[in-house]
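Here you go, one structure.
A, B and C are the chain letters, set down in written order, and residue numbers restart from 1 in every chain.
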Amino acid sequence: MIENLLQVKGLCKSFGAVQANKNFNIDIMRGSVHALIGPNGAGKTTALNQLSGELIPDTGLITFEGQNITRLKSYRRSRLGIARSFQITSIFEKMTVEENMALSIISKSGHNFRFWQNGLLTSQVRTELGDALESVGLFERKDVKARHLSHGEKKQLEVGMALSGKPKLLMLDEPMAGMGPGGTVEMSKLILRLKETMTILLVEHDMEVVFALADTITVLVSGETLARGKPEAIRANEFVRAAYLGDD
Amino acid sequence: MLLFVEQLLNGFQLGITLFLMSAGLTLIFGIMQVINLAHGSFYMIGAYVGATVTTVTGSFLLGIAAALIAAAITGMLVEYLVLRHLYNRDHLSQVLATFGLILFFNELTRIIWGRQPLYMDVPVWISGSIELLPGLIYPIYRLAIIAVGVMVAGLLWLLFAKTKIGMQIRAGASDRQMINALGVNINLLYTLVFGLGTLLAGLAGVMAGPILSVESGMGESILILTFVVIVIGGIGSVRGAVVGALIVGIVDTLGRAFLPDLFRIFLTSGYADSAAASLASMATYILMAAVLVWRPRGLFPSHS
Amino acid sequence: MIDNKRKKTVVLIGTICLILLPVVATILGHEYFISLFSRILIYSLAAVSLDLLLGFGGLVSLGHAAFVGVGGYVVGILFYHAYEAEPIFGIIPGSENALIAIPCAVLISALFALIIGALSLRTKGMHFIMITLAFAQMIFYFSVGLEKYGGDDGLSLYSRNQMAILDLSDDLQFYYFCLFFLFTFVFFIYRLVHSRFGLVIRGVSLNERRLQTLGVNSYNYKLVCFVIAGSGAGLAGALLANQAEYISPGMMHWTLSGELMVMVLLGGLGTIFGPIIGSIIFILMEDILGMYTEHWMVYMGPFLVFVVIFAPKGLFGLLAGKKDSDD
């Protein structure tokens, strides 16, 4: 089994005159929680979008389990086992919680040209749906329209949808954003639980959470990788402190 | 050969009309993100008002002025009363509402002016033809249209490159959040952009009056070609509108002029004539399909 | 959530009314209504097919009328070549048989939808709207150029298609023939929308980006949706050619696309049954208002604008009772 699950070398991406990423590198080890941190505008979202397949890099190489996926479309990456959640909750607002989850489950399989049978009754959905809803604590709310959920519940649904299909690599884009302390605790517990079965890339601003959860940290400043290492090393790194953390 | 040059010039002239129509519309699409099917109606209003005022006053220049004013004012009224409610709505709502406007304006012209087309004569002082090249006689009026178009293109360039408001418009076309952040009065900007667009459409309409017949529904046929121009050129890009308009104008004109004969050389059966005429009118759309395969967002897409 | 019981009641009442209509009309001596409502049923079919695209797929296509026209022209061309006893291109024989002409119409419009869809769906949003319009216009010009089949003036058919069990030239039997197709198609769409495919396509219209990340290649699903909708429109076109015994480029003019959209809007977007109500209202308005003034469009236009801005949920929503402001 390849230790290095996701390997990124020299990723560059420009939009016109603006270079969002230059020489972005990251190595994510299997079974770890790897945090990607950096100040606002550092290029974290652009980097993440290139990893999930929504943007194609100008130059650079992305390898997943040894396979070159640099130019692979996002839906194909999903089938390889890469999942992501979005910073701004991206769910199907007008559908019920149940439908949202069902849709995530059947999306993985790729053969959905079934015109006749009710979408919520496919065998795959029936077996997985209950568990999926339970794992994010939304079973009771399954008939509620997604738009009526609270912010925290929407985030739970968001992550839950990314989880269906048991991904190998889960990329979380600022999952703590907008959450109160209670929500943060719950989400942190969830991440620790998930770590047992999958690898996690955590893009986050909340430094307490990052230092508590991460096995490895990569620091992104002005579009490129500034430093990489264990949390204590990063905390002590002079350049990182100057550029980002400030002296504390 | 001379026929080719003549048709090429005709293509240019159609290109100018299309440019006037598409420059405004592409900005409206790009800045206000509103799909406006009724743009052709302002072309029609320009033609009708221009024709009527010219006939009544005997002065073509007054006719043009009246057409421009009518188109701009109607445009700004429409923006204020209808379009303003549609900016944040989905595309379908915009399509349906502006479709309703088309129905309204088309019927209104039938009520005011009747069903018969209006005819507008080329004003005497620019009628007639001149000899451009030995053996090539070309109408002065069409040359005048080309001249006006080039002048307008130049003025627009000045507006966008050199004035503050022009830069605000350009910024808006590629990034709406940015103009918000710059503290520009959005409502006023939108109304002005819309008014500018409809003014250009009205100008196109009144100039086309003497060449085509002025009738209800004339806006829609030019509108669809305008859409093709914008698709090819790229939404929000005036440069794209120039390039697209010239390409479409020339391809359409040359296609209609020469393709039927070309087909008749190769096909001999009775089908040749029908096929030839049909395919000739389809040339522009086939071109559009080809551009789409290669560049789904047009030749000069803006970034947002 | 739409109140399901109320919705079912409305649908049931509507179905019964449509079934009984010819009987009532004959009793009252207004046979004219049978022919009028045959037309309405046909437009309903086209409108429902458009609702699949618009209401469920979120695909604003301004070129839907093109497929109606293709369906009609296939029927017309087959008829012409049978009547003139002259095979198409010298090899394919024509046919006046409904059981050949109508399936052919559906298949060929599906083919057109496949080609146009494959190209247009490479774009999104405003581009898509304009491109579908442009392609439809292209087909319109093509049919205008078909001098053999009447060009701009169109082609009159000698009679309606023939078939074994039914006499389609009898207005009453033709009415039930159209009703059969409408019910079948609506039933099919209803099942489709609630199926796995339907769930995915609804997801595409709600949040395509998310769906792609989840593993769905949305292009394929949109294309299938487009082809199904186009086939429905082709079927409507084939029936229309029979009803009017006439084909013309007007059947594929983009204003028809607009009118179909209006029917969908009036009835209620994404409701499947709504477009039927919408087309009833639209065509009755056209007929009735048309009697009072030939300029009824000047009122229709602003009315449409008003409805779009202030009452976007349509009339089916009103009847079936909406508890939520969404849906």
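In this section, contacts are C-beta pairs under 8 Å (C-beta built on N, C-alpha and C of every residue); 3 or more make two chains touch, one makes a residue touch a chain.
Predicted model only: the values in this text are computed from it and were never measured.
Asks: Please identify the chain lying most centrally, where each chain is represented by the average of its Cα atoms.
Replies: C
Asks: Centre-to-centre on C-alpha atoms, which chain is most distant from chain B?
Replies: A
Asks: Go ahead and note the Å separation of the Cα centroids belonging to chain B and chain C.
Replies: That pair's centroid distance is 31 Å.
Asks: Measuring centre to centre with CA averages, how many angstrom lie between chain A and chain B?
Replies: A distance of 47 Å separates the two centres.
Asks: What whole-Å value do you get for the distance between chain A and chain C if each is reduced to the mean of its CA atoms?
Replies: Each chain's C-alpha centroid was found; their separation is 43 Å.
Asks: Residues of chain C touching 2+ other chains?
Replies: Counting only residues that touch two or more other chains, chain C contributes none.
Asks: What does chain C use to touch chain A in their complex?
Replies: So the residues of chain C in touch with chain A come to 191-192, 194-200, 202-203, 206-207, 209-218, 221, 224, 324, 326-327.
Asks: Tell me, which parts of chain A touch chain C in their complex?
Replies: Spelled out, the residues of chain A in touch with chain C are 52-54, 73-75, 78-79, 83-84, 86, 90-95, 99, 102-104, 106-110, 112-120, 122, 145, 147, 161-162, 165.
Asks: Please give the residue numbers of chain C that touch chain B in the complex, ascending.
Replies: So the residues of chain C in touch with chain B come to 54, 60, 62, 119-120, 122-123, 125-127, 129-131, 133-135, 137-138, 141-148, 151, 254-255, 258, 261-262, 265, 269, 295, 297-298, 300-305, 308-309, 312.
Asks: Quick check: in the complex, which residue numbers of chain B touch chain C?
Replies: 29, 33, 35, 82, 85-86, 91-93, 95-97, 99-108, 110-111, 220, 224, 227-228, 230-231, 235, 270-271, 273-275, 277-279, 281-282, 285-286, 288-289, 292-293, 296-298
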